[in-house]
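In the two assemblies presented below, subunit A is common to both, partnered first by subunit B and then by subunit C.
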Partner chain A sequence: MTELDTSGYSCPEPVIMTKKALKDSPEGLAVLVDNRASKENVSRYATALGYKVKVEEAGQNWKLIISK
Partner chain B sequence: MEEIRLTSLVRSSGCNAKLPPGDLHKALDNLEQVRSRSLIEGFESSDDALVYDIGDKALIETVDFFPPMVDDPEIFGEIAAANAISDIYAMGGEPRIAMSLMCFPSCLDISIMRRIMIGAIRKAGEAGVVIAGGHTLSDREPKFGLAVTGFAKKDRIWSNHGVRPGDVAVLTKRLGVGLLMTAHKAGETDAKEAIEQMRTLNKKAWEAADGLDIHAATDVTGFSLMGHSYEAASASGVTLLIRSEDLRFLPGAEEAARFGFVPEGRYTNEDYLADKVFVPESCPLYFRDMLFSPETSGGLLLFMSPDDAGIYMKRLDTAFVIGEAVRFQEMHVKVV
Partner chain C sequence: MVESLTMRIAEKGKLAVAGAIIGIAAIVLTVLGNPGNMGFCIACFLRDTAGAMHLHTVPIVEYVRPEIIGIILGSFVLSVITGDFRPRGGSSPLLRFIIAFIVMVGALVFLGCPLRMVIRLGGGDLNALVGLLGFIAGIGVGCIFLANGFTLGKAEKQTRLEGTAIPFMTILLFVLFLAVPSLFLFSETGPGSMHAPAAASLLAGLAVGVASQRTRLCMAGGIRDIFLVRDFTLISGFVAIFIAVLAGNLITGKFSLGFADQPVSHPMHLWNFLGMAAVGLGSVMLGGCPLRQLILAGEGSSDSAVAVLGMIAGSAFAHNFSLASSANTGPGINGKIAVVGGILILLAIASIVTLRERRK
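Our next item is the complex of A and B:
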């Protein structure tokens, strides 16, 4: 599964990065986020497009598994 | 030469750049300082400005500045001025003089600073305000705003702690600016109506209250509709019932929320307010986003009798009722 690391970026940047990455990997991808706003916002974006989102804790960060 | 986009230089923008309310209370609550008998409203009351007794009338003073949320320097100057001046209107006063606060990166062409000032002077002029001085710093991120002074008759000062049970709450601008400007920063919308609304002075909203008995007032900015409603209701010891179906949002705000273009301040606002306001479980996520998202240069939130509200809304067609105050019941704000 393609991985996207949005660490160090603040909103709306992680959503824009996810949007671009999903164009290249429409089947889904894993997105690493390092703050709550990004976790929430990337999840909202993927859900609005009809994807399923699973949130995994990864230390201080989160990994969002976005799939069809 | 390609012009640098102002918004590309900043991490957060507009009133979304405010420190979270919880942190602010930790830093500022119960600080000891010299008392002044002439100070009518000061630090303690979380009001929009200070009010100082100068004899036959009251002096009102406020300061507000923030990073740009638009790329056009003149429009940024206009929005920053309209936003700063709004705090004087929110206290019932007439703004008169101002000083500018400017933080400016050395990498930017100095003509951009001039254009920010042109916009600010134009908007201040519309309010009858003269910008008479200021201070400039070199900074990595641009920021701009005004310290504004105004005056009011002593019996016409609107604080945020005079809400009475039975009062109607009237809002004078639509909500959703923070969401739309986040989507705008992502290139998803031109946010035309949000920008137009931000650069609109609250002058007409203030004038429309002439002769009416305004019991309390504030303006809706970075702490969101919920945050500013809570401040007014808790300071007044009442509960404000906000009717969700009566709220008006700018077009596109709901879509921005659904697609995750949600400003960071929305989350810190809800953290601070979680145990202070009631939002029903059934309220969809996007609607919670709209309730808790920061606004920039938002409308006045006025509390008055139902009769006065009827007159007020005939005078100002952008105004709408969002709910009413009742005697305190468990929480200071309830969304119904």
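Our next item is the complex of A and C:
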């Protein structure tokens, strides 16, 4: 599964990065986020597109598994 | 899709509550003594604080606004409790300083930050509607750059000392304000002389800081999300503030619809539009409106802390060099040149960064 690391970026950039990455891998991808705002915004964006989002804790950060 | 819908409704509910809290706090502060339609104004309050600290010496806009202190500390304390406090920084700090400086100049030509724009709308000030159109235009242009790759770069982890510097500076300022007020300048007339009791202002600021940190409420973000991802979640906070302020003004009999004779406002449409266009574009480039910069600074973002310092510097320059508008008469020639020049600088920064990113 493709991984996208958005740590260090704050919203809306992680959402835009996810939007672009989903164009290249429409089946889904894993997005690493390092703040709650991005976690919620990316999840909301992906679910609005009809994807399922699973949130995994990754240390202090989160890994969002976005899949069909 | 059902999951997405319930998530959106829950978030909109939280934002509506936060917006209502902010709107009510704004009305209460106005009743307790703040200037008309100025329960909150991040730009004006940073400007007043800059004046109190002798950074400019315009006698009518000098006061240490406890609302600002409360907002930063409310965000800081809540983010420490919830684990959102994460010191980060190093994403083009100097560019952020410059962009925030221009945002402040634009806001002081319009006479208010985006939050005060909504509060002015709720008071019936139609000049704020013109400002809103400019704000939307500026955000629209900013979104074109964002969609094409604009970024100020990655922030890195910072030490806790770096992250807590601005909350502690804020506490120091408040202690000095209470203990040694003779250090500061305080207006005897004009908007700077009009303020609610310090305790009420601080409490209202804390409430707004907590509510905004929790919901990530942002005036620019709401409109930006509609343009970029057709997401209407964040805008609901903006709408809730408007409704709460409108209701409060109708109840207290302060609602007055029109362009003329509005409190701390001017009817120069072009300059209201361009001032807020600069604020909209700059806010999108910074990742949030002036209120959001205060909240992020409280959460440990030294990039946003630098933006706050940029806004303070911008406000001092705006008054020392007569860039800010006067109530009723609008901006002078210096202010007009500064707004147009500021927008050109923002466009130049955004274009250079976006072109570089596209070549990558």
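Methods note: the second predicted complex is superposed on the first by the 68 of 68 C-alpha atoms of A that agree within 3 Å, B and C clash if a C-alpha of one lies under 4 Å from a C-alpha of the other, contacts with A are read in each partner's own complex, and residues count from 1 in each chain.
Following the convention adopted for this analysis, contacts are C-beta pairs under 8 Å (C-beta built on N, C-alpha and C of every residue); 3 or more make two chains touch, one makes a residue touch a chain.
Model, not experiment: these values are computed from the prediction.
Asker: Going by the contact rule stated at the top, is it subunit B or subunit C that touches a larger number of residues on subunit A?
Answerer: C
Asker: Have a look at where A:Val31 lands relative to subunit B and subunit C in the superposition and call it first, second, both or neither.
Answerer: A:Val31 contacts neither subunit B nor subunit C.
Asker: Is A:Gly50 touching the first partner subunit B, the second partner subunit C, both, or neither of them?
Answerer: Second partner only.
Asker: With both complexes superposed on chain A, which partner does A:Val42 reach: first (subunit B), second (subunit C), both or neither?
Answerer: Once the two structures are laid over each other on A, A:Val42 reaches subunit B alone.
Asker: Taking the superposition on A as described, I'd like to know which of subunit B and subunit C A:Leu4 touches: first, second, both or neither.
Answerer: neither
Asker: Could you say whether A:Pro12 touches subunit B, subunit C, both of them, or neither, answering first, second, both or neither?
Answerer: both
Asker: Of all the subunit A residues, which ones make contact with subunit B and with subunit C?
Answerer: After superposing on chain A, subunit A residues 10-12, 15-16, 35-37, 40, 43-45, 48 contact both subunit B and subunit C.
Asker: State the interface residues of subunit B toward subunit A in the complex, per the touch definition above.
Answerer: Contact set of subunit B toward subunit A: 11-12, 182-183, 185-187, 257-264, 266-267, 285-286.
Asker: Under the touch definition given earlier, write down the residues of subunit A that touch subunit B in their complex.
Answerer: Against subunit B, the touching part of subunit A is residues 10-12, 15-16, 35-37, 40-45, 48.
Asker: Where on subunit C is subunit A touching in the complex?
Answerer: Going by the criterion above, the answer is residues 1, 3-4, 7-8, 11, 82, 84, 86, 88, 91, 146-147, 151, 154-156, 216, 221, 224-225, 228-229, 231, 233, 287, 296, 301.
Asker: What residues of subunit A sit close enough to touch subunit C in their complex?
Answerer: Against subunit C, the touching part of subunit A is residues 8-13, 15-16, 19, 34-37, 40, 43-45, 47-48, 50, 60.
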